[in-house]
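Okay, so chain A shows up in both of these, paired with chain B first and chain C after.
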Partner chain A sequence: MNGSPLWLKAHALLVFAFLYLPIAILILYSFNGQGVGGFPPRDLTLNWYRILFNDAAIWDSVLNSLLVAASAMFIALLFGIPAALALDRANFPGKALFRRLVLLPLILPGIITGLSLLMLFRVSNVKLSLLTIILGHGTALISVATTEAFAGLQKLNRAQEEASLDLGATYWQTFWRITVPNLKLSIIGAALLIFTLSMDEIAVSFFLIGRDNTLPLEIWGRLRRGITPEINAISTIIFMFSLAAIVLWYRLRTRAEVTSEIAAELVETAGS
Partner chain B sequence: MFSRAYRTVITVPPLLWVAIFLLVPYALMFCYSFWSVNDAGTILHSWTMTNYHELLTKPVYWQTLLRSMWIAARVMFFSMLLGFLLAYFLSFHAGARKDLYYQLVIIPLWVSYLVRAYAWKTILGTDGVLNTLLQYVHVTKHPLDFLLYSPFAVVLTLTHIYTPFTFLPIYASLEHIPRHLVEASHDLGATPAQTFWRVILPLSIPGLLAGATFAFVLSLGDFLAPLLLGGPSGIMISNIVVSLFGAAYNWPLGAAISLCMLALVLALIFFSERLEKKWSFQ
Partner chain C sequence: MQAAKKNMATKTESATTQTSPSTSNSLVSIRSVAKNFGKNIVLRDISLEIAEGEFLTILGESGSGKTTLLRILAGFEHPTSGEVWMSNERLDTQPPYRRRVNTVFQSYALFPHMTVEQNVGYGLSIAKRPAAEIEQRVSEALAKVKMSAYAKSKPSKISGGQQQRIALARALVNRPQVLLLDEPLSALDANLRREMQVELKALQREVGITFIFVTHDQEEAMVMSDRIALLRSGELEQVASPREIYSRPATSYTAQFIGHTNLLHADVLNGTAMCDRLTWPTTIADGEALFSLRPESIRIARIAPPAIGQQKAEPSIRFRATLRDQVFHGATELLRVECAGGLLLTIRTASRDLPKGPLEFEFNAADAVPVRATRLGSNAPDSASKDSASKDSSSVNSSSTDSKPKDFKVQDSNTEVASPKFIKSVKKESA
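Up next, the complex of A and B:
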């Protein structure tokens, strides 16, 4: 810290304030009896949380979102991990195009992914429902599973897989006993990321929505009708869950790093 | 070492999925943009250039596109300015607290995009937190009404949302700068400013390019922040597309605009990658 110019510190402080101000306001006003605006906040109350817990439509949409996120995560991992393996160790015509296509939804605005899928479902006469949202999220988030798994594969020592195959294990056994355990952290990281991104996704869902709302779309519908601190309350709860997920992920990663360090030391000691 | 069967099993399923759910939809978007819709609302599957002709001749489309690009350019500029200086501070001056600060930049990403845009709405509105605060401390007598429902509100909100996104690649590229290069520069008598301009900045260009592309492309295609905070003067190109796919019911014209956006975005990614390669440090 010493020697760093004061203005640089001040700037960093301001950026953090800019990033956290809306979140702080959001949480603070979820306890405000007087609604979402108005300074100073007065009549601190838990009333909005009480209303929220009796709001069946919100909880239905939360359940829908959880279902969508879990299914999208399954699809994205099911196709994203093999895609990473294919990019890492297979050669086929159109590989460069395939790599680009898989990763494209990561950088494209959601509206393009959403609309192009809407046209697909229209042409093939698929009715819009939660299923179409799941297919949309799954497709868009394969990119996340692939990038994470591919990064994990770059660090993987291929000699282990070779040894396993040489010792007579089948590809299937090698995959489950060597490849997957080595990619464990990348896969868990990708799964958490996909789950949260899907829970929050709105641009793609916006176009693929049938009768049942996901949580962001339910919130969106309410924002257009008028705003109440109930939205602050549900956002605060979800933020707390996300924070818990980050902490959990950190614990897992730190423990895994410690375990692998211990393992490396053991190997060294055994070898010497 | 991997058998043919193994390679087939890992390649074919993702290839098929990507073909069906990404390649075919983009191709369909291309087809739609050459179709048309009649007064009865039926889509005519005969090829025509009508949509592209309309895009070029009606000023509302390219004016809105230009305005969206101007909004996106401002978001890109501000989030790069904030993101770069923050990343520079973290990478070179934060010492032991680096990891903590890094986490603090990431955490806002876990709060829903929609919810953060909504939070800005509650801050900027006529009866919002900022206006009532200003009146409370007697800075203003009447609410400032230019805060919400303006391009300003859209730029502010999108800058808030994309600053962490631009920070990440910039920080990664700063962290990859070998510290002995910086030391060498100091030892050879360069001032801190010279070291910054001649060593650190050029080496962070790949990260800056990636961050800039992210911020520009994602805000260019945004339609929710303008709907929520933009008002009539903050309408962006995607809002036109949304209405063409909704109430205005002209999918082919909407597809043509989307395809132009897609082309623009792909061109930007292509150029940014070319530049990145040119500047990347070996």
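Up next, the complex of A and C:
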């Protein structure tokens, strides 16, 4: 580090600033007594937070988002993990195709996913509500659960499962006592990733929204009426929670002493 | 079905020679087991009786089907045809978890998310034994493999040799009827491996459980086994005790795979075998025959005739030969000699300095063991000296004008390198 040229250090500093300066400003202005205008921030205050805590609409949207994220996570894991098991273990016609297609919703622009789901719900006469958003997020994020679980299964030493069968455990017992504990990190990783992706999803939600707003849509709606430091305040709170989640996950990972690329990946993804 | 028929056809010409134990104390009975993976035939018509308390080694090169056979016994593979029985119950139709068979895996396959103690107790806890019993049996098992101190460790924190002991304890604690071991020592370094060989054998005697051990290492097989089942390309080549399989190999493949040997291609006429200018009495029928003569069966002849009474019944064959090469191996030494007719032989003697020039050697006629030539595409040179050498004499001629190769493998001694003189003499004889 000491021997490296000065411009490299400067470059690193610049990249770091580029990445984190906007967030720093966002946080700083949530305490600004003068609203969003003016530099430097003056009259530091917690007033915006006070307003925020009394804003029922924001808190409704936060609860909606949490509900959507948790439900989408559940749905995605419920369907995604067995799909990963099928990809890893079963042989069926069209397996290679399935393996590629399962990734498609991840690559597909959210607009297309959202629009196609909207048309499906229209055709089948389903009224748009939080439920449609949950279904939308759930299906779109199955691919995340599948790929993460599949990566975990690929790393699993199959001899362990054979050893378990050999020691008298049935296939079901082996799955719960050997396979799942070995996949634990992959599953937690997938769950956190799905949760965060669902929390800040806008494109799909935009098409499927009913009467109740999710947090990103609520924020987006308010921004059209002008930026208030209240938005900065809620963003700061979300940022703090994300940070806490990442730290928690990181410590979990080091405790499990598994060098998992997924974890590193997740830290990167969640941090962005 | 097609494959099954093929197997039936090969059955009649199977090279299997079995010294089967009395069927009364047979614990495991493998009956005409065959296994195909698609078009790939891995095992053909394997029949084998394994006695209670026996240490049987399934020996073979990689690709011989030995691991597949073990996995059929454990229940991870199903035979394409044939049956496996244990204690008069059909075994091959049972799932792995209902067999009273436990396995020590090549990779040990310890559960990384459990402590050593939990690993060893896994089978008992699955069987829902009372906690107190589990605790007692686990600590006994750990004591038996000298790993009590590591009960609370995670498998990732202990060495390979220690993991292997845990894998052993985890299997044995369930008191299986048969313990299967899939090359468990192959990942250990040479010294530890030798140590574990002795320990494993002692442990097997102590617990009295039938061990079925799979390895590609013939030395390992010799050290530990009560019997060795030699597999070659999915067929049983020979099943016998280490002593018998070494001293009375049934085929040229066995003779070459287990230890080193000189393969002599001889013509037998009226009870006399003749190879090049060597002749010795034999009891087999007239015709062409292959003999295995171990390097250590050939001695340097003493000037004085051997002590009276020592070798009265055994006619010893004497011949003169010139020393061509000498490889020092510590306790013993490999000599490569050329007989008067040009025949090259490998001899193992106690290390000593030898004068260059003609020496006299001898061997007992009984040590020249007639073996069946191994058929099919084996990469080992099976038909010895005369035939192969004379067939491609031109290539031999051009490639090995050097009559003193610096290093050599004993198995190949009779086929790979022959001196021009040797080929000439062969031609003369065959003319």
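The rule is short, and it goes like this: the second predicted complex is superposed on the first by the 250 of 272 C-alpha atoms of A that agree within 3 Å, B and C clash if a C-alpha of one lies under 4 Å from a C-alpha of the other, contacts with A are read in each partner's own complex, and residues count from 1 in each chain.
Heads up, the rule we're going with is that a contact is a pair of C-beta atoms (placed from the backbone, for glycine too) under 8 Å apart; a residue touches a chain by one contact, two chains touch by 3 or more.
Just so it is clear, the structure is predicted and the values come from calculations on it, not from any experiment.
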Side-by-side fit of chain B and chain C on chain A, or clash: fit
First (chain B), second (chain C), both or neither touched by A:L120: first
Partner chain(s) touched by A:I51 [first = chain B, second = chain C, both, neither]: neither
Touched partner set for A:A169, first chain B, second chain C, both or neither: second
Touched partner set for A:W220, first chain B, second chain C, both or neither: first
Partner contacting more residues of chain A (chain B vs chain C): B
Contacts of A:Q160 with chain B and chain C, given as first, second, both or neither: second
First (chain B), second (chain C), both or neither touched by A:L128: neither
First, second, both or neither for A:L66, with chain B first and chain C second: neither
Partner chain in contact with A:P181 - chain B first, chain C second, else both or neither: second
Per-pair minimum CA distance [chain C against chain B, superposed on A] in Å: 6
On chain A, the residue positions that both chain B and chain C contact, one per complex: 162, 165
Residue numbers on chain C that touch chain A, as the complex places them: 74-76, 95-97, 101-103, 105-107, 109-113, 122-123, 126-127, 156, 170-171, 174
Complex contacts: residues of chain A adjacent to chain B: 1, 3-4, 8-9, 11-12, 15-16, 18-23, 25-26, 29, 36-40, 78-80, 82-83, 85-86, 89-90, 92, 98, 101-102, 104-105, 107-112, 115-120, 123, 135, 139, 142, 158, 161-162, 165, 171, 196, 199-200, 202-203, 206-207, 216, 219-220, 223, 227, 231, 235, 238-239, 242-243, 245-246
Chain C partner contacts - residues on chain A that touch it in the complex: 157, 159-160, 162-170, 173, 177-178, 181-182, 184, 257
Touch list for chain B against partner chain A, complex: 1-3, 5-7, 9-11, 13-15, 17-18, 21-26, 28-29, 32, 82, 85-86, 88-90, 92-95, 97, 101, 103-108, 110-116, 118-123, 125, 127-129, 131-133, 136, 160, 163-164, 213-214, 217-218, 220-224, 228, 238, 241-242, 245, 251, 254-255, 258, 261-262, 265, 269
